[in-house]
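Once you've had a glance at the structure underneath, I'll fire off some questions.
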Amino acid sequence: MDKTMSLPQAISTYLRNGDTVALEGFGHIVPVAAAHEIIRQGFTDLVLARMSCDVIVDQLLGANCLKGLISSFIANSSAGSLHELRRRIEKSDPEPLWFDEYSHGGMVARYQAGASKLPFQPIASYRGSDLAAKNPRIKSVPDPYGGPDIHVVPALNPDLTIIHAQRADMHGNVQAWGMLGIQTEAAFASHRLIVTVEEIVDEAVVRSDPNRTIVPAHVVDAVVAVPRGSHPHSVQGYYDRDDEFSRQWSALARDAAAVQDWLETNIRGTSDHDEFLATLGSEHFERMAIHDAYSTPVNYGGRA
Amino acid sequence: MDKTMSLPQAISTYLRNGDTVALEGFGHIVPVAAAHEIIRQGFTDLVLARMSCDVIVDQLLGANCLKGLISSFIANSSAGSLHELRRRIEKSDPEPLWFDEYSHGGMVARYQAGASKLPFQPIASYRGSDLAAKNPRIKSVPDPYGGPDIHVVPALNPDLTIIHAQRADMHGNVQAWGMLGIQTEAAFASHRLIVTVEEIVDEAVVRSDPNRTIVPAHVVDAVVAVPRGSHPHSVQGYYDRDDEFSRQWSALARDAAAVQDWLETNIRGTSDHDEFLATLGSEHFERMAIHDAYSTPVNYGGRA
Amino acid sequence: MTLSAHDTTETRSRDEPSETTSSDVVTSSELLTVHSARALAGRNVVFAGHGLPTLAVSLAQHTVAPDIEIVYESGVTGARPPVMPRSISDSILVPGAASVMPMTHLFNYVLQGQRIDVGFLGAAQVDKFGNLNSTLIGEDWEHPDSRLPGSGGAIEAMAGAAEIFLVMRRHTPRTFVESLDFVTSPGSKKAAEAEVGSMPAGSGVTHVITDLGIMTRFARDEELTLTAVHPGVDPAEAVRQTGWNLQVSTDLETTQPPTPDELALLRETLDPTRIYLR
Amino acid sequence: MTLSAHDTTETRSRDEPSETTSSDVVTSSELLTVHSARALAGRNVVFAGHGLPTLAVSLAQHTVAPDIEIVYESGVTGARPPVMPRSISDSILVPGAASVMPMTHLFNYVLQGQRIDVGFLGAAQVDKFGNLNSTLIGEDWEHPDSRLPGSGGAIEAMAGAAEIFLVMRRHTPRTFVESLDFVTSPGSKKAAEAEVGSMPAGSGVTHVITDLGIMTRFARDEELTLTAVHPGVDPAEAVRQTGWNLQVSTDLETTQPPTPDELALLRETLDPTRIYLR
């Protein structure tokens, strides 16, 4: 089944105001272009699930897309603070944000329970942490094997998950390599799934290496080709991260008005991701060039 | 650190009488040669953990290595029954066998809890099954999120796990492809870990494709090169399965005396796996030849 | 095992194959495969073992469900083996497949994750509510008369799939029983009546395809009902061969024989060396 | 920021680098890195972030612990990046690495799985029992004065690793506090005193390496004790810069300055462009 579509079409088809939407990717293969399209289409009242926050969280907040956030790390990686987010949490400026906070291990466990259709997942690390005291959704169950009560976190089942990957075939068999994050679990946990990729490839490429598939086609609703869809994050084998962009964001976002200007000019003022990239200029991307380093092929042969 | 050693040395160093030992591999990359070496060294009172049984279970039983079995499928795949095992369970012949039974999903959950150092893992599939009624180790906990009580299975932490794979480097970074079974979880769940491989390769080969590594070196105690170590099971890209061998076993093992003769001649009567293979004859393996089918290399390149 | 044309209006004997509209001789395997395939219309993701279920899904891909996808217990999806696999862990399934999942993903995210529309199962015993026994025959659980393979992933398929199709080559009172010796994979009714555990996701067994006909059941508390017999089968024979008081639909139908197209696909394209079409 | 030779016996000021036996000027980063590396002797598997911990592990590989292996939160093990990574998710870590694990394996099987000997952490606040705060500063949890990044994987590293090494660039009463504003990652004592949850696997913080010296603690109920000061540091200064009544070891030692070999490795081999050796 051909599940390819345009990014605007995929977002408008599979996202609804008020949805819980997971955008995953751990500093690598992040669905940035999809987040920008959510801003362009003006969605509101979303709850964003994202383990490690980054510029897109500040941008979605600035664009007033979010009423809530589910996360376990809310800085801009090593580039500094996310000031739009800090204003919301520290000063309820411009309004309060519902923030459901876990550790990375807790988010992993929540997605895993969601993907497994379990009500909860046990987690061993929360004994004595104020995180568990603060969050009423972190509970405990007795251990019928004689140990102490153990903490549990509830399943996370997003309405929509969006992930970015190196490649997929048109049916939605998704392949990724390098740092993988929690994308497979976020995909299986979700009711709907959009995958953006650097390239849609012939299925023969995918099928030459079936262990490389991180999400099988039957879980996928839409496949969208979005080259440079992860910028300013890297895509292994395609382009490097743009640290300058991330650092500049942390400086810019100290000023709430500057965030609004940036969104107006760069996101709402561009019709799509290609136009957004064009505003950066093609020389911009020369800095993100990579060298090639190909894997040694493995033999999948079976009986003759 | 060079962790390579011979198979006899690895087994004698890391196995003790009375251990719980996991031999995993789901009809593919099965540590058969290691099981045979356990027989040669005359270990006793072992509890074997193995999701899907096969000829090695009958052989270990016939050699009186096992006092117990933890499993979820006790036939000889599609090749018939395991008669040594059936005699033990149906007639306590020659003596009773402690049999701790689960479904495949239950075994997966047990290994997962073991690898994760959790006391148990919830499982959604046991409501109404006599399997849960029969096995007192399958328990339940309340759902603090309002659902019905949910079944849980206890962590499985073998004393020793042995897995077989296509290749590893001398440090113990293990790579496998094709059908993977529960090897990664069995490896992490275990206190000690032996990996047998078709080939020990230069670390540059492993490092050209780090996402292919199923077990990282720091979990591994010994790496052993055992070509054709999975026979009569297949190894993707190396050799095909030997269905005739498996079928013949199911016929032979109807006769308990024949099992003893077979073990005496083929296992105890051979000094190692190479000698065992030699008894089969080199033409025997021509039937198991494969064709080649190489994966398309992927680009792991980073910034220049 | 051959059947002459004049037998079609009579009750045929158990060991005789049925006949097609084109007067070809149809084997029991072909019959079961064709009806399994037809029942897959409208379904998308199937969990199946090797043999008949694999063939049925392949036939459905060529007929009633072109986009249907098969998932194997070994974690393989989108397999395109050059020859029929010999088991679900035959490595011939892997080259050219769309994905190979680790077992944690298959059992946790696909089966328990409720991603399967139809799971194909077999069993040693089935009862009127579609509870299945694949564990043992006998009354002493610790020392059964006959110890069977056990669950494998059957319990997870039953609990997680939206529907289960049961394929039984021989419809007899020893396999269609009033009371199971052991409930390996409970149907939705028995599961619901239990006191502990997560509720199953699906309906349990909805179709039983046998050499005599087809039983169906749609609601949780509904018994399996004989809704169709194969051409030439007396419904009374199906009742006799069932160990409980089998309900027969008031709208009992006679199944449409395999079409020449279906048979040609099976014989010439899908299993030309007749590995499964015994 | 330079230091003349005659200062070595005096109490040096906070912003002055310490000195080595070879009279090279040693930066605070170099000092912390060298002492972190030395503390890794005898350890095998380290969980570390980028920057100082990465450098410390690299230095240990060249000196006290040749076989030590580093695991990054992004799932990378055995990384051999051609240049220093800019973060734990820098894709420069991947080419030529020994493995890249999915996050489920890293968090469940490696961290919770108790496979880590030493986890390196930082924190905004630490108390006398090695409890750590990386969540917020202020009294109102819902509206903190300053919202910090939060746990990330710190809670899991603290609970799962056998030991935690804490590296603090600036030893001040604002960071070494009597009472944390928020206990993100509880030490072993606080965890043990809690009423619910699995007991932590390890000892919590065993080493705190600061610009003034080294604190250690070995047993669960033991406070962090000042066991060494860097050359030229008055132990009273370390006590003054600590927000609780810091215990000073009766066997207080003076740390051995970085050796010429250690400095040469750091400067010429490991971080020649001085990305971290500020």
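Order of writing sets the chain letters: A, B, C and D. Residues in each chain are counted from 1.
The working rule: contacts are C-beta pairs under 8 Å (C-beta built on N, C-alpha and C of every residue); 3 or more make two chains touch, one makes a residue touch a chain.
Chain by chain, the UniProt names read as follows: A, B = 3-oxoadipate--succinyl-CoA transferase subunit A; C, D = 3-oxoadipate--succinyl-CoA transferase subunit B.
Since the structure is predicted, the reported quantities are computational estimates derived from the model, not experimental observations.
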| note | Under the touch definition above, the chains in contact with both chain A and chain C are B
| Of all the other chains, whose mean CA position lies farthest from chain B? | D
| Chain pair showing more contacts of the two, B-C and B-D | B-C
| field | Computed distance of Cα centres, chain C from chain B, in Å | value | 30
| request: Find the geometric centre of each of chain B and chain D from their Cα atoms only, then give the gap between the two centres in Å, rounded to an integer. | output: 40
| task | Using mean C-alpha positions as chain centres, tell me how far chain C is from chain D in Å, no decimals. | result | 60
| query | With chain centres defined as C-alpha means, what is the inter-centre distance between chain A and chain B in Å? | reply | 36
| In chain B, residues with contacts to at least two other chains | 112, 116-119, 123-124, 140, 147, 150, 177-178, 180, 184-185, 208, 211, 234, 236, 240, 293, 300-303
| query | For chain C, what residues touch not just one other chain but two or more? | reply | 76, 91-92, 94-96, 100, 104, 108, 112, 160, 198
| field | Arrangement of touching chains [line / ring / star / complete / other] | value | other
| request: Check the chains against each other and report every pair that touches. | output: A-B, A-C, A-D, B-C, B-D
| query | In the complex of these two chains, what residues of chain B are touching chain C? | reply | 26-28, 52, 71-75, 77-78, 85-86, 89-92, 101-106, 108-109, 112, 123-132, 134, 140, 147-151, 177-182, 184-185, 234-236, 240-241, 243, 293
| In their complex, what parts of chain B are in touch with chain A? | 116-124, 139-145, 147, 150, 152, 154, 166, 175, 177-178, 180, 205, 208-209, 211-212, 234, 236-238, 240, 288-304
| request: Within their complex, state which residues of chain A touch chain C. | output: 1, 112, 115-119, 169, 171, 173, 184-185, 188, 203, 206-208, 210-211, 213, 216-219, 300-303
| query | Which of the residues in chain D end up touching chain A in this complex? | reply | 50, 73-76, 86-96, 100, 102-104, 107-108, 111-112, 135, 141, 143-156, 158-160, 182-186, 190-194, 196-200
| request: Within their complex, state which residues of chain C touch chain A. | output: 44-45, 67, 69, 71, 76-78, 80-81, 91-92, 94-101, 105, 108-110, 112-115, 160, 198, 201
